[in-house]
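Okay, so subunit A shows up in both of these, paired with subunit B first and subunit C after.
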Partner chain A sequence: MKITTEDIPKGKLIMISGEIDMHTSPALRDVLMKLTKKKVTPIIVDLLEVSYMDSSAIATFVEALKNMMSYKGSLRLCNLSQRVSEIFTFAKLNKIFEIYKTREDALKNC
Partner chain B sequence: MNSKTKHIASITIPSHPMYLSMIRAFIEKLLLLIDTPPSVIEDIKSGVDEACSNVIKYAYNHDYTKSIKVSFNCSRSEITVTIEDEGAFSSCLDFKGRDLSEVRPGGLGIHFIKKAFDKIDFKRVDDTNRLILIRKIKKTTMKPKKKGRQKIRSNKGK
Partner chain C sequence: MITQSANIQEQLRTLREFTAIINSTLDLHDLMNIVMERAKSELGAEACSILFYNPQTNKLEFEVAICDDEDTCEILKKKIEIEVGQGIAGWVALHKEPLYIEDVSKDERFYSGVDKTTGFVTRAIIAVPLIGRTGLIGVAEIINPTMKNYDKDIFLNLCKQFAIAIENALLYKESLEREKIRQQIEIASQIQKSFLPSDSRFEKGDFLISATNIPAYTVGGDLYDFVDYPNSKGGVFIGDISGKGVSAALYMAKLISDFRHISVSHKKLTHVMSSLNALIMKAPMGMFLTAIYIVFDSKNGRINYINAGHPPFVLVRTTGDVKVIDDISGPPLGIIDYEYKRSSMILNKGDRLYLLTDGVIDMVDMKGKNLGYDKITDFFVKNHALKDLFGGFLAFIEDFGKGQQRNDDITVVEIMRR
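On to the complex of A and B.
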């Protein structure tokens, strides 16, 4: 898994590629926890190149979302593959997260 | 391959999370051999990945020096996956996942395992945990096999 971050006018854009599993999710958690500790908002996560996601990845995003709720931050996910989208739906999290079809949509109002 | 043909294969990995991707790649290649539908392959990859993660976390308590054996017995109607470890007694049958209407980290893995498999069984044999996962394959979801000689298509120019 590779994580790239980029400053945007407001907040931060995170681009992830590869597989997010028990081995790689701690690195993602580190990035998200550092940002939420600084109360960064919005955080936009582009999942275009994510080919696999397990329950630890979902747990990492849920933890970040909960942290952000404390300061009314916005965590936006975009470019979910069909499989990743199905995982969020199965976990009943598709309506909890702000999910956008494209990065451009997620970046609106940033 | 006729309907009675069985594919038996196994892989043993160290109990380190970095090897979970190897298991997933192995599953994909193996199940493609028997024309398993992509959605079923993804389900099984996910279910086995979660079950092996549980072994690392609970049976081995994050001891990365142990091993996990994953065996497959595949026919065109059923895929049986057996996951063996020599860690502490740990049966995912006892795991209670979180209520899916709750929003909190954790407790999802067992739901992925149950989503992937029709039958889940656990046995403790001597000092070995043996988790047996069975996924039935509906015949209608299998790709039809062409009879006779098949033309080899070239991808050139595509």
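On to the complex of A and C.
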């Protein structure tokens, strides 16, 4: 898994590539925790190049989301693969996370 | 001529002896100490040391220090780290070449910091890189040797053997540690299994429940439980904790205890799920639980259920109708405050429900294809008349995933009304 971050006019853009699983999610957690500690909002996570994501990855996003709730921050996920999108939809996670089809959509109002 | 030949004979004898010592032990500590003590005495040196290379810090750390003054040895082992590139040892580590320096005061590469810390006086030094199959292990140093006419080729050859022996000893040490961890995880697995119902079958009236749970990593995050209410009702719970391995297993153990307490102290299904939800919201690191809780009434076959973000269950009617029940009440437990709504159905005699975790649905076959609900439905349509449909289904999924490494726990619970 590779993580790159980019400043956007307001907030931060995180681009992830590869697999997010129990072995790699701690690195993602470090990045997200640092940002939520600084109360960064919005945090946009681009999952275009993520080939696989397990429940530990979702837990990492849940933790970040919970942290962000304390400062009314916005965590936006975009470019979810079909499989990940299905998981989010059937588990009703699409009602919890702000999910956008493309990065451009997620970047609106930033 | 005779003297030179005798000298070579003597050095070859030493080489043979060293080789025997190197091959005599797999204990890292013994190996390094015995070899370095012998090297020190053979070369008439005042001290010798081994510095290990730490790739994380890119520094050399003293691992073995042998000198006449014990205090100096202790200072070296506890306090001193050297940057790669710094001093003689650092230069040797960086260039992976040996150095033989007869007067360090004339060599710019010499770093006097170590002597200042220990009070030791270095005059001459032999420093050799220890390179194993995987790269640099460290640097061996012989300080103030008095013997000058040793054969450098024999000496270097010896150091190569020594490096490989150290590498083998390190691998042996790691394998011993891994075995210790494996044994501890095996114990954790036994403890975890003790949290699941002691009997994987549960009967109440004309309802028979059967379950199986196979963790992917010895310990896992899947759980199931049965509740025997003091009337005609019974409860069946299935869940999957986010993440895998020890952290998920530890939390599973806690949750199953919490569930047992909550399921008997709350009469309503919705209250059980909202209480569990509130509890899991306090879980560390965003942990959540996908779960289904079903309460059946053996008097009339009524099934009440709540699905909190868990994969849908499968209804297999005795008529051969198979349906994936995908009315998910809400998100997994532990993420947000949520009012879970209850759903209902009637189970007729001979009907069965199959509750699964995603480890089953996401199984892949030899061709890399997912099992998925379509193949599961096909199996039940074709085999619904099987007397032991539960056993048949387990054999089917085992056959499907044959030869493939499983990455997720597998749990299957069958609820049958006889």
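Points worth noting:
The criterion applied here is as follows: the second predicted complex is superposed on the first by the 110 of 110 C-alpha atoms of A that agree within 3 Å, B and C clash if a C-alpha of one lies under 4 Å from a C-alpha of the other, contacts with A are read in each partner's own complex, and residues count from 1 in each chain.
We take it that contacts are C-beta pairs under 8 Å (C-beta built on N, C-alpha and C of every residue); 3 or more make two chains touch, one makes a residue touch a chain.
Just so it is clear, the structure is predicted and the values come from calculations on it, not from any experiment.
Applying the stated clash criterion after superposition on subunit A shows that subunit B and subunit C collide. Using the contact criterion defined above for the overlaid structures, shared-chain residue A:K95 touches subunit C, although it does not reach subunit B.
In the superposition on chain A, contact of A:E19 is made with subunit B only, not with subunit C.
When the two complexes are overlaid on their common chain A, residue A:K2 makes contact with neither subunit B nor subunit C. Of the two partner chains placed by the overlay, subunit B and subunit C both lie in contact with A:S56.
Across the two superposed structures, the residue set of subunit A contacted by subunit B and also by subunit C is 22, 54-56, 58-60, 62-63, 65-66, 90-93, 96. The touching residues of subunit A, counted against subunit C in their complex, run 22, 29, 54-56, 58-66, 90-93, 95-96. The part of subunit B that touches subunit A in the complex is made up of residues 16-18, 20-21, 24, 42, 45-46, 49-50, 53, 56-57, 100-101, 103-106, 108-109, 111-112, 115. Every residue of subunit C that touches subunit A in the complex is listed here, in rising order: 240-245, 285-288, 290, 309-312, 326, 328, 330-332, 334-336, 358, 407-408.
Across the complex, subunit A meets subunit B through its residues 19, 21-23, 52, 54-56, 58-60, 62-63, 65-66, 83, 87, 90-93, 96.
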